[in-house]
């Protein structure tokens, strides 16, 4: 692959012709015009089994490749090649579709490499998310994906989240523009970090214990000053309150 | 101010000596050593009135400076100067403290500049968040801040969110390291975007209506192919089901 | 079945020996001693396929029995017999396990009977939830289940939600007590409503359009009084603000 | 007060003429016709200061009456008299308004009576919630209120949550019906529990340690059976995986 960034679109809706997937396609098309290679994956075409939670028994047992022998194997490899993911979900009961939840749970095998070799294999990739439904819950659905994937090491650029509960979002120019900006902003960020070669998480922060000790000393000093004041108020209150009860 | 980035720490806890603020101080101290200027603001030292929701009456009425004459005036100016915000909150009922919610609601005056002059005044700033409590709800609290501020235009780098419900988080080396990485990653990202001079949101995506039309055509084609299949299944079911009821 | 209430325990964890299922068993055991019949179902023993979202194509196509021919058929029948559900989930990425999300999505076939025959088949059943993890996100997980199932028509009694992120929750007496109270409170409520024979949702609220009109008239009156005041402030601000910009 | 239930409406919107408050008024009006006494409180008419988090210093310091001397004093007394609360909020950044968050945080003084005298003073009251906005986030806002108040001891009946992001919800008959059912269902439940005189939380569950021990024994048995199997799979995988790396 050349120097271009590679953006993977993940469709969590069973309806490849529906609004969720349409907005995702707009984002991917714009990404392509911004210079990215793109690919669209319909999760419903894959057999994705539920996570077995191995790490609750042995932390290091959860690793790439996952114990479960199913279609995630192919998906892991696509994800590892990608510089960015744009995940689109229908809104099912104020959350992502069940198959997408299985997909997210199974990404743990890449994230948990932290415990195997010190670094999440998803660190520094870029995230875009699109959530579409006929009913409420779009922010909940976005929120779930964003928090989970940011905690796995992904970057969330500005305007990379789009959601709607309108019946015909493509007839709303503003909504189309939002989906387009998801594609645009994910690519801008992916290019920015690709060239910078950043190592984000550091286990080796200089003088961290010295910093911690200074912060604790300062906090203690504040504590003496502020807390005496607060305890006086609280204690007085407790006294008054007991007297009221008597 | 020189070329260094400026990171503003916002403490939403009433206890400046508590764990929320301690972890925030660690993040800021690390940010400083990464070359940033920093400043810590205790929200409880400011009078922040509740948002009046002006934009529900007149969209463009919500703008900088906000109608309400209180201490947010000073805070707006600090925020506008900052390249990054690290917001720390105690966990109050599975969410942010009320004063921090007022602060977030009042940031609308900067975000809503979208409707006044086409761009959020918060676009491209970098976000870190720390949530600390003695009880559950840390992810809910983080989630609220992250979604709101990303939708205002902020960037969320990897490892820039830290949370805990432990009694003594500073005695847990891992937790201290997480707070440190919040400071580190916010600064790395702030430097990266500061020099790049990016204009994130674009109202002017080339050939967007052409893209939209192509996507709709493709979706229609899929629709014919897939939906016939689906309708057949659904219709059969409905028929069977009516027969069952008879 | 006699007059006793029937409480169904749903275990969404793959580890039937783990803490999630242990706390669920405590809740069920207490329910039994409060006079309920109980049954425990391990979702991982069932094949539960992802929802196909039929209702996005045809609202009435989503109904009991669901189009998909899998093990949900048996589960639907157990649920229909139950007066209460106690759902237990491990915390996977700040949410429920993927299999449990599939289970929840598939409950739509019972809830959507609203559109088929005017009433959710889940209305008036009682809900308890237990969420257990080694990491943050317990409230998010609870929250997802509670909102979805309450919107399907279930009742949420006091103290019927329990969650923890402790390593050994069973060694914490308080936590054991919380799980026990989930069982207790679900049974108390189930008995209360079983005998009352309540029809909750009513399409036929007396004089509703009259009520609506009165409320609108009152609101208009308030609007004149309050909004003039608000517009004056906002308009003044806009004027000042334009002058500032000049 | 006679035998009728008393339902308190809490309006968290600054616009008493707006849609949030209109839907709340419909709910209260229906509640009245179901036989309840009702009262509407506009939070913006009250001075509600942010919670000081006293309980983080001394658990028992947080109690009724709260240390802070402001208008919550009056509100506490209204709440204590009420059998049910219907809380209405505008959607501010995917959550409740800041003043309503302050209100919720300050309810801790009633809930924390658990630590003072063994019982939440909010236990067994009934909750209804209405969330209205022009933008996404209604479920998030509902969710925040529901989780917090259910954990304080309130009951959530079916159809007692209503939300919308429509511009003119009152012109949608279905939405008006939903608001009406909030009023109806809160009253039905309030009557049901008022007469039943239930003590929900029990510290004294019979033979709880015996139950716990039995559950642990059973889990251990399962553990031997299932976990051996699982460990075998995981260990094999780890072995294969190491060999792959070599």
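All chains are identified by letter, namely A, B, C and D, in their written order; residue positions are counted from 1 within each chain.
Criterion: contacts are C-beta pairs under 8 Å (C-beta built on N, C-alpha and C of every residue); 3 or more make two chains touch, one makes a residue touch a chain.
It should be emphasised that the depicted structure is a prediction, and the values quoted were computed from it without experimental measurement.
Taking B-D and C-D together, the chain pair joined by more C-beta contacts is C-D. If you average the Cα atoms of subunit C and of subunit D, the two centres end up 13 Å apart.
Rounded to whole angstrom units, the spacing between the C-alpha centres of subunit B and subunit C is 27. Mean C-alpha positions place subunit B and subunit D at a centre distance of 25 Å. Across the assembly, subunit D contributes residues 15, 18, 52, 57, 94, 139-140, 143, 147, 151, 227, 230 that each touch 2 or more other chains. Because contacts link each chain to all the remaining chains, their graph is best described as complete. Residues 52, 54, 57-58, 60-61, 63, 65, 67, 94, 136-140, 143, 163-165, 227, 230-231, 233-234, 237-238, 241 of subunit A are the ones touching subunit D in the complex. Within the complex, the subunit B residues that touch subunit A are 15-18, 21-22, 25-26, 29-30, 33, 123-124, 139, 142-143, 146-147, 150-151, 153-161, 170, 176-177, 180-181, 184-185, 188-189, 192-193, 196, 198, 200-203, 205-208, 211-212, 214-216, 218-220, 222-223, 226-227, 230. Note for the complex: subunit B touches subunit D at residues 13-15, 18, 44, 50-53, 56-57, 90, 92-99, 101-106, 108, 134, 140, 144, 147-148, 151.
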